[in-house]
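Take a look at these structures.
Consider the two complexes below, in which subunit A is the common component and subunit B and subunit C are the respective partners.
Entry: the complex of A and B
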C-alpha cells in the first residue's frame, strides 16, 4: 500500500500504520514525498515493513516497536529515538541524537551520524557505516554502538554498560571511557549482529571501548575527571 | 545552651560554622533532600480581604462552591477532569518506595485528582492505584516506553524543577536496588546522576517538534504538560505556550527534591510567589490565560496557600513535600532512627540516604513496611479533604461560588517584598511597589 504525504495528512498515515488490521495480509507500505516531515512512522507497534522514499525530519520511527522502517534518504534529529524493538535502516546520513535512549532493536545508518549518536542508549544496537560526531554514546547505558568509520571527540563520555566498537580512528575518549580488550565474547556478539543484519564485515577489525567504572560512585578524588 | 551575654556572629552563625567545618573535613558539597530551608517571601505574606460592604459572602456551610478543574483542553482530545485543583507532584519510584507511590495514588484517586510518575518510569502499583496518572518525560528517559505513554492520562515534559532549575536528578547508590536498577537500565548500587538536558531536543523550537511526536504516538489524546523550575518565568511560560503545551507546570524554589546539592536548593531559582505572577502575565499577554492551564507548585502546605495561588491566577496547584508529610515524613515516630541519621523530626532532609525513618523515601524492605499504602492513602485523602475545605471556606468568604473565581483583587500583602512580587497592594494602602497603572 502506498501513501503520499503531499496528499494525505501525517497524522492519518501514522494512525493507519499504528493500528494495522490484523485480518488484512498487507504488511508492506511505502511513503512518498516525505519532504522532511517530522515524526513520520512514530509509535509503530506492529510487525510491518515501511519504506520512506525521501528525506525525513525529526524523530522518524520514534519509539518504534517491532516494525521495520527503511528511509531512502537522510534523516533529521533523533531517528529511532527510544526505539524498543524492530529495525530502522537509513540509506543516507543521520542528524544528531540518532537512536537516542533506544531500548532495543537495530538502527543501521549507511552514511554518517552527527553528534550524540546513541546518547543515553539503553539496549539498542546502532550500526553506523560512516563516521559519528562528537559526544556519541554519551551516558550510554546498554547496547552496542558499532562505528565503521571514525569517531569525533569525547566518545563514550560518562558511559555506563554500553559497548562501543570502532573500526576507524577515535579523536578522543570522554570521561571514564577506555579501550578494552576485543575478547571472544565481544567478537561473537558482533558476528551475531552482523549475521542478523546481513553485513559482511570481520569483527576483528574493530576496537572495543567501554566504561572504566571509576565514576560510578562519586568520589571527590575524581572531581577533576569531568 | 547559649550562655547569657554571648553574642553570635550574624555572618557566621553556628550552623554556618558547622558547615564550614564539615566541608573542611570532607571536601565535598552537602547533598540532601526536600526543599529550601531559608525564609523567602511566600503565601503567608498575603491575606484575603474577605467580603465587606462592596461584596457579599456565600454561606460557609450551605452554598455550593465548585472545585473541579479541566486541564489540557487546548489540543488534547481527552483532557483531565479533576474534582479538586490540587494534584500530586512528580516523585520517582526510586526516590520513594513502592508503598509510598501506591499510597499517593490511592489518596489522589479517592479525591478525584491526579498523581505523577518521576525519574524512574511507571510502576504497576502506581498505575493500578492512580485514577489519573501523569507520566513524566525526563532527560534521563529511564523506563520510558510507548506502552506506558499510551497508558498515561497526561504527559509531563520536565524541563526543570524548582529545587534545582538547571540540574538533573540524583539518586545515590544505596537506593539503587535490583528493581530500581532494572527499571532504569543501570547497574545496582551506583550513584545515579541523571542528565540535566534532554537527549534529543535543546530549545523551544525543537520541543515543539518533540511534542508533535508525543502527540502522534498517543493519537493526540493526552494533555501535554511542560514543567519548568521557577527562574525566568515570564519567558519560560511564553516559550512553553509557543512550544504547544496544553498545561504549564511552574515549580517554585521551595519545591522539594529527593537529592541534590544544598547549594542548588538554596541558591538557584526564585520563590513561587514571584514566579506565579510572571507566568500569569505571560499567559494574559498571549491571550492564553485559562486556555493553557497553569499549575503551580513549591511550598504549598495549606488550603490558604492553594486559595492564594488560585487568586493570583493559577488553575491548580501541585504538592510534593506536603503529600510526603501527610504520609508521615518528619513525623515524631521512630526517634532513634532519626538520631542515627544525626537529625530529629521536623529537621530531617535525609531522603537521599535511603534510611527514611518512616518508610516513605526508601527502598529498604524493613523501613518500607512502616508505611501501609492503604493507611497512607487514607491519610493523604484526609489531608486533601482538609485543603479543599479550607480552600472553599476562603472562596466563600470572598463571595466566590467557584474557587477559580478568586482574583488578585481579593488579596493584599503584609510585606513590601510580597506586594512587589505578587503585585497586590500593601495592606491598608493602594501601593504596589514598582507598578504604575497604565494611562
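Entry: the complex of A and C
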C-alpha cells in the first residue's frame, strides 16, 4: 500500500500504520514525498514493513516496536529514538541523537551519524557504517554501538554498561570510557548481530570500548560523606 | 527556538528564483519562529551606488522623500510595504549621519552595494509576502524566523542584524556574555541600536573584519570570545559562512548540489528546492566554520 505525504496528512498516515488490522495480509507500505516531516512512522507497534522514499525530519520511527522501517534518504534528529524492538535502516546520513534512549531492536545507518549518537541507549544495537559525531554513547547504559568509521571527541562519556566497537579512529574518549579487550564473548556477540543483519564484516577488525566503572559505582571511600 | 536559513547559488542557473527559494524556506520555518521574520538578499553589486535598506516605521514615503531631498539630490527609492530601498551615490558616513540626526522617525536596517534587508514583526508567512521576497533575484540570501527570548518582539529585535557595509548575521540560540562583549566593542567605537545579543555578535564580527580579518578567521575567533549556544549564518557581499557552537546545541543541516548550497535549521525548510533529493545532505560539525 502506498501513501503520498504531499496528498495525505501525516497524522492520518501514522494513525493507519499504528492501528493495523491484524487480520489483513497487507504488511508492506511505502511513503512517498516525506519532505522532511517530523515523526514519520513514530509509534508503530506491529510487524509491518515500511519504506520511506526521501528525507525525513525529527524522530522518524521513534518508539518503534516490531516494525521494520527503511528510509531511502537522510534522517533528522532522533531517528528511532526510544525504539523498543524491530529494525530501522537509514540509507543516507543521520542527524544528532540517532537511536537515543533505545531499549531494543536494530538501527542501521549506512552513512554518517552526527553528535550524540546512541545517547543514553538502553539495549538497542546501533550500527553506523560511516562515522559518528562527538559525545556518542553519552551515558549509554546497555546495548551495542558499532561504528565502522571514526568517532569524534568524547566517545562514551559517563558510560554505564553499553559496549562500543569502533573500526576506525577515535578522536578522544570521554570520562570513564576506556579501551577494553576484544574478548571471545564480544566477538561472538558481534558475529551474531552481523549475521542477523546480513553484514559481512570481521568482528576482529574492531576495537572495544566500555566503562572503567569508576564514575557510577559506589566507592567505599566515600561512605563518610553520607 | 528560532529558525535560520541561507542559500548560496554556485551557478547562475537559479538567480531569478532566489527570492522564491528563500521565501519558501522562511515559510517552512514559520513553526520555529512565529514572532517576527527577516531576510537579507544579495543582488548584483552596483559599483557606483550605495543601497540603504530603511524601515519607515510610521513615516509616509512622501514625507521621507521631502525630508531626505533637503540633503541629497540624486536618489532613487523603491517602496516595499513599510521598508524602502534607497539608492544613491552618497557615501554611508554622510547618509547615516543625516538619517540618524534629522529623520529620527525611520531606522536604517542595513546598507551596502549589494545587500537588501527587510525585517518585521508578524508571522514569517505574512512578512515574506508583504516584502514581495518571491520577486527578488540575486546571488545569495539568508533569513530568520524568530521566537523571541531575551528581548522584546520589535523590528529592532528582529534578525538579520547588519552592523557594517554588506554584512549581516542571523542567529539561532542565545549568548551569555553579550553585555561584556558589547561594553568592549563600544569602547572600540562600535555602535548598537538594541539590547539584543545577536546584534553584539554581528558587531563583534564587523569589528574583527574591520581590523583586517577574513570572515572565516573571525568566526573561528568567536568560538573563544562569544559564550553561549548558537548556530550562526554570517553573510557578506561574496557569500556566507556557517558556525555551530562546540556543543552543537542548535540544529543545522546543509544540502549541496552543483548549483547551490542551502543551510537551514531543519530539512523541511529546503524540501521544495530543485533536485534536493539527490543533494549531498549532511549535518555541519560543531565548532567548525563552513564558508561558501
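What to note about this one:
Definition applied: the second predicted complex is superposed on the first by the 216 of 226 C-alpha atoms of A that agree within 3 Å, B and C clash if a C-alpha of one lies under 4 Å from a C-alpha of the other, contacts with A are read in each partner's own complex, and residues count from 1 in each chain.
Quick note on the criterion: a contact is a pair of C-beta atoms (placed from the backbone, for glycine too) under 8 Å apart; a residue touches a chain by one contact, two chains touch by 3 or more.
Note that the structure is predicted; figures quoted are calculated from it, not measured.
Counting the residues of subunit A that each partner touches, subunit B and subunit C differ, and the larger count belongs to B.
Once chain A of one complex is fitted onto chain A of the other, the partner contacts of A:15 are limited to subunit B, with no touch recorded for subunit C.
Residue contacts after overlaying the shared chain place A:168 against neither subunit B nor subunit C. Of the two partner chains, both subunit B and subunit C are touched by A:77.
Once chain A of one complex is fitted onto chain A of the other, the partner contacts of A:130 are absent, as it touches neither subunit B nor subunit C.
In the overlay built on the shared chain, the residue A:57 is in contact with subunit B and with subunit C. After overlaying the two complexes on the shared chain, residue contacts for A:36 are found with subunit C alone; subunit B is out of touch. Using the contact criterion defined above for the overlaid structures, shared-chain residue A:149 touches neither subunit B nor subunit C, since it reaches no partner. In the superposition on chain A, A:160 makes contact with subunit B only, not with subunit C. In the superposition on chain A, subunit A positions 38, 57-58, 77, 96 are in contact with subunit B in one complex as well as with subunit C in the other.
Contact residues of subunit C toward subunit A in the complex are 248, 251, 253, 266-272, 276-277, 281-283, 285-286. Residue ranges of subunit A in contact with subunit B, taken from their complex: 10-11, 14-15, 18, 38-39, 42-43, 45, 57-59, 62-63, 65, 77-78, 81-82, 84, 96-97, 100-101, 103, 116, 119-120, 122-123, 138-139, 141-142, 160-161, 216-218, 220. Residues 35-38, 54-58, 73-74, 76-77, 92-93, 95-96, 112, 114-115, 133-134, 152 of subunit A are the ones touching subunit C in the complex. If you check the complex, the residues on subunit B that touch subunit A are 26-28, 140-141, 144-146, 149, 173, 185-187, 189-191, 193, 195, 199-201, 206, 209-210, 212-213, 216-220.
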